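Below, each structure is written out as structure tokens.
Presented sequentially are two complexes of subunit A, the first with subunit B as partner and the second with subunit C.
Entry: the complex of A and B
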């Protein structure tokens, strides 16, 4: 039991995802690389990471293209709200954090997503310092 | 339509000073119009109607009262006072434009379109006419219901009409909120219907790009069975882009990066609750 806990604590990506999924209304969270490959996933949503990952990346690419035309840098985050769902795509170092929540979640979720993105950034910086800008 | 409240307050003070010095002055019409622009419709109406009693041949005063009734949502009275303005002062371009606006509110888009086409041909550079014509053309192609009669409750003093903002007014109010750089209303096809934008990019291009982004996000989320997109917030280094789904239109708001999103959201909710377009 102690060994399992220690392993979980060492996996910083998983810790960031767990931190998000424990928040009220959060259904699933995933970390993707810039090619859309799944680095980490947590949750039990019906959409599943297989569909959710590439479509999130596609949305981000389309939005980045628009921002480039507007003379802006790439999107730091994109939040899409529907009547009953809330999807956040957040850049975190060279990775992308995607969070799907229901309408039960409140605006404080944005703070938690920001903290989780910082945890991912810090971990990438510590573990792969040469790959971070 | 940029609303500069300081400028309006200054105008009210000046007009009031002139009227105080000479109560028989026709400046009352300008004073009533300033109150109308400020959103104080009851006061505008009171000043306008009282002025008309003293100056029954002053056409501009009828126009101001007609515009005030239009802003109050009382289209029947707006039409009546417009006709009086035409009787007294003759038909002018302003009267034609106001009639087109009233017809649009009464959902008589075909008649409004005919009037606006005539105005557009004689003044193709007017953005106001161009925007109204685009709206009339869009609406006249969609077969909207015939005009609804004005209920007595809407004009009864015991039941003052609910304050409503049309598209132009809504955009004007959002534009003056702190750190808002621009507001554009675009159709799903990317055609700009109305907008005020300070950026270097032409607003038509912003409209096309924003609607493209909105549509691509909607396509993606429909594949995830998320339902229709309600709003999309994009945060970049120097600015934020907030897009709201309003039926046939997408309202695109561009802000500085240091905008207070919570405060802006509260204000937008309030403004959108009064919006009717």
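Entry: the complex of A and C
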């Protein structure tokens, strides 16, 4: 039991995801690498991580390709609002944070997403310093 | 189109346009550094690709897409007869832009 606790405490990616999912209205959150592979996932959404990860990355790739044609760099974040939910895709170092929330969530969630992205950046910087842009 | 010029008065907004889902421009009022045809075609492209992914993911279509890039923000909103695209500066007041877009949509739909 103690071992499990220690491992959980040390998993800072999971801590960032937990921080997001505990917020009102957040259904699921995931961390992906740039190949669409799942680094971490938390939530009880019906879409499941298998579809959530590659499709979110596909959206980001398509938007980046469009931005490149406009002479812009890669997107820092993308927010997609539908009738009853919103999806945020946020770059965090060389990883991508994806959060899906219901319309119950308010705009303060943006602050949490920013903080979670900082947590991920910091963890990547500490653990893999040479891989950070 | 009056609606677009009203929208462009919002602080930090660089221009706006109404574009069909096929990328054809219905009306445009962008600043001189932005090309109408390019922004129009690319807006339609973003909405189409995000729409396809969202439908596969949750069977929902996007109402509004906001893209934050290094030099600015792009708001793409479903306006019924097309896509309302707003190009804004990086540090624009997002809440204010959203409010102005809402008002512009009401006018567009009422026209």
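As a working rule, the second predicted complex is superposed on the first by the 130 of 133 C-alpha atoms of A that agree within 3 Å, B and C clash if a C-alpha of one lies under 4 Å from a C-alpha of the other, contacts with A are read in each partner's own complex, and residues count from 1 in each chain.
The criterion applied here is as follows: contacts are C-beta pairs under 8 Å (C-beta built on N, C-alpha and C of every residue); 3 or more make two chains touch, one makes a residue touch a chain.
Not measured: the values here are computed from a predicted model.
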item: Which of subunit B and subunit C A:70 touches, first, second, both or neither; value: both
item: First, second, both or neither for A:37, with subunit B first and subunit C second; value: neither
item: Partner chain in contact with A:111 - subunit B first, subunit C second, else both or neither; value: neither
item: Which of subunit B and subunit C A:83 touches, first, second, both or neither; value: both
item: Common interface residues of subunit A - those touching subunit B in one complex and subunit C in the other; value: 47, 51-52, 55-56, 58-59, 62-63, 66-67, 69-70, 72-85, 87, 107
item: Footprint of subunit B on subunit A - complex, ascending; value: 46-47, 51-52, 55-56, 58-59, 62-63, 66-67, 69-85, 87, 107
item: Complex contacts: residues of subunit C adjacent to subunit A; value: 38-39, 42, 45-46, 49-50, 53-54, 56-58, 60-72, 95
item: Interfacial residue positions of subunit A with respect to subunit C in the complex; value: 47, 51-52, 55-56, 58-59, 62-63, 66-67, 69-70, 72-85, 87, 107
item: Residues on subunit B engaged by subunit A in the complex (per definition of touch); value: 199-201, 205-206, 209-210, 212-213, 216-217, 220-221, 223-239, 241, 262
